[in-house]
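Pasting the structures in now, so scroll down.
One chain, chain A, links the two complexes that follow: it is found with chain B in the first and with chain C in the second.
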Partner chain A sequence: MGKLKKMAVGVLCASMLLGCVGCGDSKETAGETIVLRILENDTAKKEGYLDALLEAFNAEYKDKGIQAVDANMDEYTDLAANGPYGYGPDVIYQANDKLMTYAEDKHILPIDVESLDCYSVTPEAAWEAFKINIDGTTYTCGIPVNIQEPMLFYRLDMMPEDWESNWDKDGNKVADFFENWNDLYAYSKYLRDTDTSANGDSQYGFMSSLNNLYLNGEFLFSYGAYVFGSNDDGTLNAADIGLSAGDAAKGLMAMKQMASLMNEGCIDDTIIMKRYEKLADGSYFCVVSTPDTYSLFIEKLALAYEAEGLSAKEAEEKAKENLMMIELPGKLPADGDLTKSSDAMTEDDWIDTVVMGGVNGYGISSYTKYKDACMEFVNFATSYEMIQTRMNTLGIAPTRSDVAEASGGVTDMIFESLSEGRIYLMPSIKAVDQIWVPAQSLMGDIAKDPYREAAGELGKYVTIGQLEEAIEKVDQDIYDAIFTLKD
Partner chain B sequence: MKREKPSKIVIASCCIMGAGQLLSKQWIKGLLYLFIFAAYVTYMVTSGMNDIKGFFTLGTVRGDAWLGIQGDDSIMMMLRGIFAFLLTAMFVALHISNVKDAKGLAKRLEVGKELPGFLQATQIFLDKKFYIVALLLPVIGVLIFNVLPIIFMILISFTNYGGDIVPPELVDWIGLGNFEKILSLTEIKDTFFRILSWNFVWAFLATAVNYFGGLGLALLLNKKCVKHKGFWRMFPILAYAVPGFITMLAFKFMFSYGGPINYYITMSGHSAIGFLDIDAGWTARIIGIAVNAWITIPTSMLLATGILSNMNTDLYEAASIDGASKWKQFIKITLPFVVFSTTPVLITNFIGNFNNFGVFYFLRGGLYNDGYFLASDTDLLINWLYNLSIDNNYYGIGAAISLIIFIITSVFSLLVYVRSDAYKKEDTYR
Partner chain C sequence: MSKKIDSVVTHMILIAVCLVFVFPILWLVLASFSKSGSIYDIDGFFPSEFSFNSYHKLFVDTAMYDYPNWLQNTLYVAFFSSLIGTVLVILTAYTISRFTFKSRKMLMKSTLVLSMFPSFMGMTAVYLMMVNFGLINQLWSLILIYAAGAPMGYLVQKGYFDTISNTIYEAARIDGASNFTIFVKVTLPLAKPMLVYTALTQFAWPWSDFILPNLLLKNKDLWTVAVGLTHLGETEFTRFAAGAVFIAVPIVALYFALSRFLVVGVSQGAVKE
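And now, the complex of A and B:
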């Protein structure tokens, strides 16, 4: 046998041995200590809340032999795919729709919620988001932490100087354009009409990427639309899709009117991407976003102030003073016509704004070996102190009534909105995954209509009838996506 | 020492691996065969039989994590079944080699030849069958990492895996059910044929643009009148060096409403253009072709540059003397030579473009058009497959579509290749 062949055989054997070494068991033993893997969202990690939580928990439970660590996984890791094979987290933080998708297949455990400290101070509506009915029995599979709903962000120092005299007709010290959509439309129109910049793109009023159902759900749900209807036993019926229900088409007409006062960025994600920067530079008067992005707005606004010559500390303080986060205007016109003057409208002409929202919370993986330790962790993580820390660090709206009350202001308002049904919670069933793209495709297309018309083309959604037809088609598309391939 | 009769050796090896070798006093070889036999029998008794059974049933006990019932994992059972079949096939191959070896031993004994010792036999084997030794590891690797997933994917297309049927639910075999759905359900069928026809148009256009774009650029940069060729060649290479998805995301931003293209359009007093909107249609398709060209033309250019450097310049000289125009020279000399040399690459490019996932995923993902089921009018089959299987969990249907893509692309490439000059006239330019 030639030398070359011998060498080749040697190399092959060596590679095989190395391969075997590489395949060796690399598991680490945790000794006597129970190690819990906690999956939190990226913002909590980035802003340092997760570290604070883990540190506090580990200090408290040091003597009890429980240690919590960052699961170090993608925030949207698939528990259904990884959990059964031992790779998932022990405790997972997610929105109710995602968490309950896991609950449907029993990937997260039902919890004896009454044993938790937060039980009595959390509203029933928040618990409802985590309830599931299996074989006639109702289980609760998540522990609510905070409420998510689209919020309006604006700068106090960008308020019109005359707002108290000209934009507060009822004199309640709240600008009318933050109370009803017709005045928000009117003020946005005023800003557009008085934009004297060369390209007419220096001042906009209300701005939102209208292709986003979650951020713009008020144009549907305020008018009687719903995602899934209910069965007689109260469970959700995925076959009953109701985005076109009620006067949803009127809401979409209002959305189209609003789109005409934005720019083409409302058709796609452009406004979502630029909102922090554009609010900071004053081009956008107010934008829609979720509470967990509060810190990002502060960051950009502080940078803008720094650019104006303030020190980093002063800039941050000024940003915190000036950045306002409030709920969306509470009243929409019943007929969907935003162009009408609010002066000419009576109380009956308004309907309450209902936004789409969600409740984020903790779930415990069914594949954890340490259920009791996980319960200890979620009990600790939903304690008054930790929820308050979370609220202060991340700007979230807690589901704990005591923390919300103590905080007051917006937090309490969001809490009230949830309790009073002004937040349409994302349905907690798997089929909800199918609603986003069809709805997003239509909403983007409707937002484009004013720009078609401005370019001399024919609008696709000129009449209410056309909008009705389009939204009914979306219902059908969602139905098809859910049921076409079912056996 | 007395040796057994030759016929007994073969019969013994047929019954028990290595027995014939042991009877022939080939101790080490016999024991090795026997060890393999014992290992296989042990595997089959302890797990293999169940794995094969499980492959057919795909599980009978539904798991319930709340009740602590582990249940059967249909997908793992299928994988383990495939593995058991592969091991059995390998065992059969080894058994055949064992019988052949026993026959060889018997033959040598019959003619009274001395049997080689283990070391000598090993040396002879390594010398004469070196290719087996060299290829064994790669073949095992290919079997585990390539063949097994392909078989798995093919088999998934014959199951109802997906939708609500995901673990802990039990998966079932449904025969050609998924293929029937693709070809019978109106929405799926219409979407499939719409996407398939666009997929062919896309693959032809993208391949042609990339190929001729690269060739044109190479010819241009090959011209004597072009100075600082290395400098100019650097630019396409730079475009190639940037990771593809970064380029695609950058293009998506460029063509978005907030991007620089629309910025300049609006600055010049015109309305912004929805290049990638839901009703963008052919605008979006053409942008996709252009973006793909940006990413792939550099590769074609490099390839063509290499090939052109091997061209015989005498041919051009002769053609010029005969009065052939530059165009004629290109058509009759350059193109045939380049096409001949690059036919296999051309086929690879076509297949690559046919299955080009990135371009429209990054440029225009997250849109569904009217008349399409979970797809948009720019989606290729591979994007649709992704929408169905990853975004919407319809794994069975997704696997069926991927099998169809596999059949289309393999048949097409085989047909084109065997009919090409590169295959038929292999020696033409040698």
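And now, the complex of A and C:
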């Protein structure tokens, strides 16, 4: 029995010893070198931007004893769960709402942003997204990098042949259906009405998963809705929930009209999931997505061209030529009626489209041992050259005004939209976590209404009054979710 | 006549049940050979165009999703978990089966009750323990937990050892054999089917587990296949299917190769003579 015990103990000890071999903390310093772990998003890694950034930084800081490495973690890794135990990154790239949730719980550090090179060329609206007020003092906890907003993706080779004669009434060389929602509705209806396929599902116009508040926020925020109101000192007041404010119900009526020209995939995430393939195969004329998905559209479109007989290189080139990414149409009808002809509408009948957006940026973990080195890194990563490289590699819209101006085009337009208030930024407080589910439930239910009516059932949201009541209930649900368990 | 009808109906029901079980697997295998990467390109039940592209990408396109590395990690964890776990289970089962000692009955009842609790119940405690031991982001933390938990499932092995006749042990003891000699030279050779069964089951659990590796492994280069596959991008369904099919191949091959022992092990472990 003694031998048996010895054998068992021997096996276990050998196992543990082997386990220790090759184990080492990646955060340890090698000699005098400080190693920073950088968590970037997957697209930046996939497209090679992270490698370019790390290489450039490491070359620049080789003599200063700082080295940056890929944190090599999931892009949505939870800093709150891993940071305190020492397993989180030193620098994290995330959207403003996520970063500021960390800031509220003190998982990321306040930063002296005025010392950064990008400070003076970044608009105040972008900095605002990363500000937090604690005990009357305002801190900035993130460094803006790029603006995210829902964009419209379409294929140039799917434009109607007669668009210049029939769909460009003002002759400004921009199709009317990309300028106002009533014409987008009209063109979508035309496509649906002329769909002669057996199942009637081969051509759709505008497509979006309407249950998604972020992608379809224009139906609320353009009409005066807001997420949280402000206190006298300018800080956000989570008790003042305003999704039902202004004429939000009219916007939801417009959304319901648009839903009637889609399919039941608009009720849930189906369209979001299918968007790349369906745009590539020509079933969807245009679809809503965010700029960071540009490369996924290209990939799918290139595959579709390859299937038509082009070589891989030709297909990719053709995909890049034909895939267009533009902002959502800039004008919505003030009365929320998309079915009216734009011919009969005057300037006063329109309101500006306001979309929901966000600012992605860098935050510095509170658990880093090397705050100064992290500052050096974010300063380098937000420099003119690196932001320009990021823009060219990933197709993002930078928050640096100098880079946006130099690039022009869509990038500059997005930058202007942020500066001019046409992007409603996701509020940067923790309570924002509670808005998504109630809003998503209602928006999905409203999108379902045309399909209820088509099935012979009674619609739930037929009048503006019914929509008002429903969206007010959402405000109350959000309030309850934020405050019921708070005390 | 009624016998024939009975046979036909029984076979039809069995074929229908088989189809229900086989269809999802068949669908996944075919989806893994789909030319496109996305599930949404599949019109109807099956893909229209086939290629080895997903399998090729699985092993070549490793910049974002390093499947070969995940496979290596999985194999490493499963092999050592199986090795240590098997030793511990066999020792536990043999001890409980052959020796009478104080609190033996109580120990058996306790392990029976404890094994009924789902393993994920203690995950928070496991996480905190691993943090304090500095074992997060270590493949050996998984091996330690799998192996340490393995003896809880000793009952089948004990049942097998119970079937070995006592006279063999008595004869060995009369010949002067010690406990260790009896275990090594008498029991183990007789328990080959059970050893194979135990090693296989101890291998299969870590091979496909998701919850524990997902909890303890933060670095991508330490992920196991189950964790890595869940992190594939939304347009990578066929790669997911290919990864899921490929991970099943070794374990299926092992089961087929060792099925002879497996059947004997399970059946004899379930019967007490």
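The rule is simple: the second predicted complex is superposed on the first by the 458 of 487 C-alpha atoms of A that agree within 3 Å, B and C clash if a C-alpha of one lies under 4 Å from a C-alpha of the other, contacts with A are read in each partner's own complex, and residues count from 1 in each chain.
In the analysis below, a contact is a pair of C-beta atoms (placed from the backbone, for glycine too) under 8 Å apart; a residue touches a chain by one contact, two chains touch by 3 or more.
Because the structure is predicted, anything quoted here is derived from the model rather than measured.
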Which superposed partner A:Met273 touches (first chain B, second chain C, both, neither): both
Touched partner set for A:Pro291, first chain B, second chain C, both or neither: neither
Partner chain in contact with A:Thr484 - chain B first, chain C second, else both or neither: first
First, second, both or neither for A:Asn199, with chain B first and chain C second: first
Chain A residues touched - chain C or chain B, whichever exceeds: B
Chain B versus chain C as contact partner of A:Lys448, first or second or both or neither: first
Which of chain B and chain C A:Gly330 touches, first, second, both or neither: neither
Which of chain B and chain C A:Asp74 touches, first, second, both or neither: second
Residues of chain A contacting chain B in one complex and chain C in the other: 1, 8, 12, 15-16, 273-274
For the chain B and chain A complex, residues of the former touching the latter: 63-66, 73, 123, 126-127, 130, 133-134, 136-137, 160, 162-164, 166-169, 181, 185, 187-188, 256-258, 262, 266-267, 271-272, 274, 276-279, 366-370, 373-374, 391-392, 394, 397
Interface residues, chain A side, partner chain B - complex: 1, 5, 8-9, 12, 15-16, 80, 84, 105-107, 109-110, 199, 201, 263-265, 267-271, 273-274, 366-367, 430, 433-434, 437-438, 440-441, 444-445, 448, 451, 454-455, 473, 477, 480-481, 484-487
For the chain A and chain C complex, residues of the former touching the latter: 1-4, 8, 11-12, 15-16, 18-20, 23, 26, 42, 45-46, 72-74, 77, 82, 85, 87, 273-274, 276-278, 296, 299-300, 303, 307
Residues on chain C engaged by chain A in the complex (per definition of touch): 36-38, 40-41, 49, 63-64, 80, 84, 87-88, 91, 131, 136-140, 143-144, 147, 178-180, 183, 218-221, 231, 233-235
